[in-house]
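The first chain written gets the first letter, and so on, giving A, B, C and D; residue counts start at 1 in each chain.
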Amino acid sequence: MQLNAGCELHFNAKETTPLILMLRPRSGDGQWIIKEEYHITPVVNVTEFTDMYGNLCQRVIAPEGPFSINFSATVQTADDIDVVLDAPYTPVENLPDEVLHYTLPSRYCQSDMQGQLAADITKDSMPGYGQVEAIRSWIHSNIKYQYGTSNASTSAVDTANSRVGVCRDYTHLGISLCRALNIPARMVVGYLYKLDPMDMHAWFEAYVDGRWYTFDATQDKPRGNRITVAYGRDAADVAFTTQFGDMELNTMSVWVNAVDEAEAEKKAPEPATVPDASGSTSQTTTAA
Amino acid sequence: MQLNAGCELHFNAKETTPLILMLRPRSGDGQWIIKEEYHITPVVNVTEFTDMYGNLCQRVIAPEGPFSINFSATVQTADDIDVVLDAPYTPVENLPDEVLHYTLPSRYCQSDMQGQLAADITKDSMPGYGQVEAIRSWIHSNIKYQYGTSNASTSAVDTANSRVGVCRDYTHLGISLCRALNIPARMVVGYLYKLDPMDMHAWFEAYVDGRWYTFDATQDKPRGNRITVAYGRDAADVAFTTQFGDMELNTMSVWVNAVDEAEAEKKAPEPATVPDASGSTSQTTTAA
Amino acid sequence: MQLNAGCELHFNAKETTPLILMLRPRSGDGQWIIKEEYHITPVVNVTEFTDMYGNLCQRVIAPEGPFSINFSATVQTADDIDVVLDAPYTPVENLPDEVLHYTLPSRYCQSDMQGQLAADITKDSMPGYGQVEAIRSWIHSNIKYQYGTSNASTSAVDTANSRVGVCRDYTHLGISLCRALNIPARMVVGYLYKLDPMDMHAWFEAYVDGRWYTFDATQDKPRGNRITVAYGRDAADVAFTTQFGDMELNTMSVWVNAVDEAEAEKKAPEPATVPDASGSTSQTTTAA
Amino acid sequence: MQLNAGCELHFNAKETTPLILMLRPRSGDGQWIIKEEYHITPVVNVTEFTDMYGNLCQRVIAPEGPFSINFSATVQTADDIDVVLDAPYTPVENLPDEVLHYTLPSRYCQSDMQGQLAADITKDSMPGYGQVEAIRSWIHSNIKYQYGTSNASTSAVDTANSRVGVCRDYTHLGISLCRALNIPARMVVGYLYKLDPMDMHAWFEAYVDGRWYTFDATQDKPRGNRITVAYGRDAADVAFTTQFGDMELNTMSVWVNAVDEAEAEKKAPEPATVPDASGSTSQTTTAA
């Protein structure tokens, strides 16, 4: 299905503020960017680079005052995600070199501390896809979805304790539990059609049977029509925006429409949540 | 100036034919892609990768029959290129590691055979920008611009002999003569506003005084408003399309409009030249 | 000074165990590998790859039974490290693209949680080198060096609380506090001449005034004669060995000798500490 | 078999001369570097980087006067190379992204001009390994091996005409003919045990049935016990040394000994050929 997805962010910069944006999806990996627009107001110089995960990152310096970003893309997406319940575990010795680092613990996924929980959840599962699905399903059933319960410092260990969180927390916990079993796992941020409530989204991929599979613990069944914007080890790597200065995000809108529908009614995007400012000198906007 | 540039290609495939396309410019390096559209008809699966020079490459398989590609982009470009006549030569020992390979000879730029010519042309020039400008100016004055005089096998040595060619040949000769002086040089393909006749274009960059400068031997004075689509060592690296099968390019249109102008009159793109088929089993569409 | 440095590890594998080793230093960055030997017993197939930080990693599969590794290298090292007390802070907008990710929090360096501590420690310091040196000095004075007080899960936040640790913990805390100030910082593991007690070592580098500087919070004054083996965001990235199976490290020896001294007396290497097994299914050997 | 291989080069620099060396083999790809030594006299600062093909390159600046390099390595090598006569052709659409550029013409391998010759030689061959072996065998039978018949500018087209050359020319022709059939091919430089006369050597690899296979047109049957030092598109990419200044190579010795044999008799390395100086301002030492 062709989707038109995008976001609009309105900031207010109290001082000149460098930003790093990660908003532009790439073609490949099952998605084709047919059309895209990227407006930054006021007009400033922008440079773009590819980070170590292959994500396109934009660097800008926001002058003092209002600063807004509008990105939209029309993307051909897959209607379904692959579900292969008996896809076997890939032994570490068979993992490609470039996948190995996705077995390591990271800021929000302390897999070195969750071996016991991972073992308990998957004790009756088939090694591989079966284990990951058991993890995904356990999170879906045991973690309560609730806005405002977590922040920029909340990690998988925190979420395993509190049993509450948003998509970002579900994802961190899923990744951490996979890695605790030596299954490579990575965070994906992007858009999901008919996500309710609509927002930027996060899910995870696990590497079994020689390839990456998509898992989303926030959903009750497998769903396609996703647009991947960026991959990373965890949320530290894939913030949509990172501001290095005193800058406030006032409103943020996110939309994902089927292209026919989009053309039928040009409805105004609805405002989505504005994340709390973190306590650090750099602030990030991440998936929820 | 904001430019809207694009191309439309109509092929006829006599058999299923894999293609590699290099049509999507990247933001960065002084240009910002505000908007882009990329249509391939019929709809086929497309994957995208980044080659060793950082260019975005699209891979598709064209089914038998008509096959067309329409790419367009709205791009913020620089109105001028930097001209610094006294920018000094960068000694080899000070070149960044990743620039070194641009001193080596390549398929169409046999710099190892053009040391004498390069020395003759630049004997009165200041080392660095001065040498490159002497080369550019010599080519502009001594090579006759004429379509149909060169083909996919024509090299810098051929052009130095024949004294005739198109933008691709001018560029190869400029690159080869720079490298013969140990000045790194690379090919750029893309769009130039008000190029006459309009077509995909090629020019070169030389590395002096610690950075890349733009040179275009087809023009009589420095001109900005360029859109870079790809970089490479020479035309072997940066064909806009490479077809691995029996496939004919019937028509190709190229346009570059100032955005205001573009909005004022939505004029139909004019057909540009269709390159001759090369004798090889893979054919390429390159700049002229 | 030319140093001969190396290590010898004796494992016992209770099952076939894949390992990733990071033991081979690279030339460049101020060190030149004149000579090296790398023996693995029994003889097994080894492959080598370069990770995302440029480190050379070796992959092997240890058969059941005793397994040992002996690596040694003769390296030309710098006798001093650069100390430039007034090297200024590099604003984020001027950081090279590839350095940016060293400002992000990571597994053991939760910089997002240590902004206040970093601000307190550096409140009287000059931005840049001065801040980093204030951090280094504060750690040296306030953290007690003691073996056995930390483990594979201990993070910078833990160390800031417990005020005790080994070189790895000193390093994590230094990195985390730098990043909290938006100063890029990375972990270095390797060898230090005359380290007492001798062991694999860890320190950190911070990026100020457009380059990396070396800092070592375990030492009371700046010391050169270091051999870098690997760089990373924190210890998760730069374990000397990572074992994915039931495998015990029985003994580990480490030595660093001045080459003249080394030739004069071929003294047997002294056994160093054997790290505790972590609770995870993969175990690592890291610096202490 | 374990081999000890190395080379010793004695230059005389008439001026300060930057050099790029490509002498250090990497582990991986079926070879394991057990031991290596790398001496440069006089002692100068050396930096090392990895080029776009993954080769380790050393940069040095030779002062005026005598300058010598001695490199040696003890390497575990495979006794045989894989020969799979019916390994099928890999269609272009199935080639990995990073292999595609090995189908392109390059400085010394003008595959765009050798389609007819390639078709003639392989007209009775099975697509894939069969074609490459037909090419290898045709070169072996039809090109006369003779020192001093080619130089730094000799290309595959030249060799197809002259029917004479050395290992470098055999290799270029093999690569060019493969690429003319859309079979990816790359140059390998390194050492071959019992090469007669002993020298640095060059051969090629072709990509069929999803992997690289080794081919050597200078030999009458498949032979293993090779040490790969570097890969590239052709000799332009993989010169053992490249000098950017007035510097003379006086003597060059190359040796490859079985380790037992090497230990039994420490015989002096025999001098090998000294390549002619090319006419360019940069000179290279390449395989013969």
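In the analysis below, contacts are C-beta pairs under 8 Å (C-beta built on N, C-alpha and C of every residue); 3 or more make two chains touch, one makes a residue touch a chain.
Not measured: the values here are computed from a predicted model.
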item: Count of contact steps on the shortest path from chain A to chain C; value: 1
item: Mean-CA-position distance for chain C and chain B (Å); value: 46
item: Euclidean distance of C-alpha centroids - chain B vs chain D, Å; value: 31
item: Euclidean distance of C-alpha centroids - chain C vs chain D, Å; value: 37
item: Where chain B touches two or more other chains at once, by residue number; value: 49
item: Every chain pair meeting the contact rule; value: A-B, A-C, B-D, C-D
item: Contact footprint of chain B on chain D as seen in their complex; value: 18, 20, 49, 51-52, 57, 59, 61, 91-93, 97-98, 100-101, 103-107, 110-113, 115-116, 152-153, 180-182, 236-237, 244, 278-282
item: Residues on chain C engaged by chain D in the complex (per definition of touch); value: 26-29, 32-39, 43, 45-50, 54, 56, 58, 76
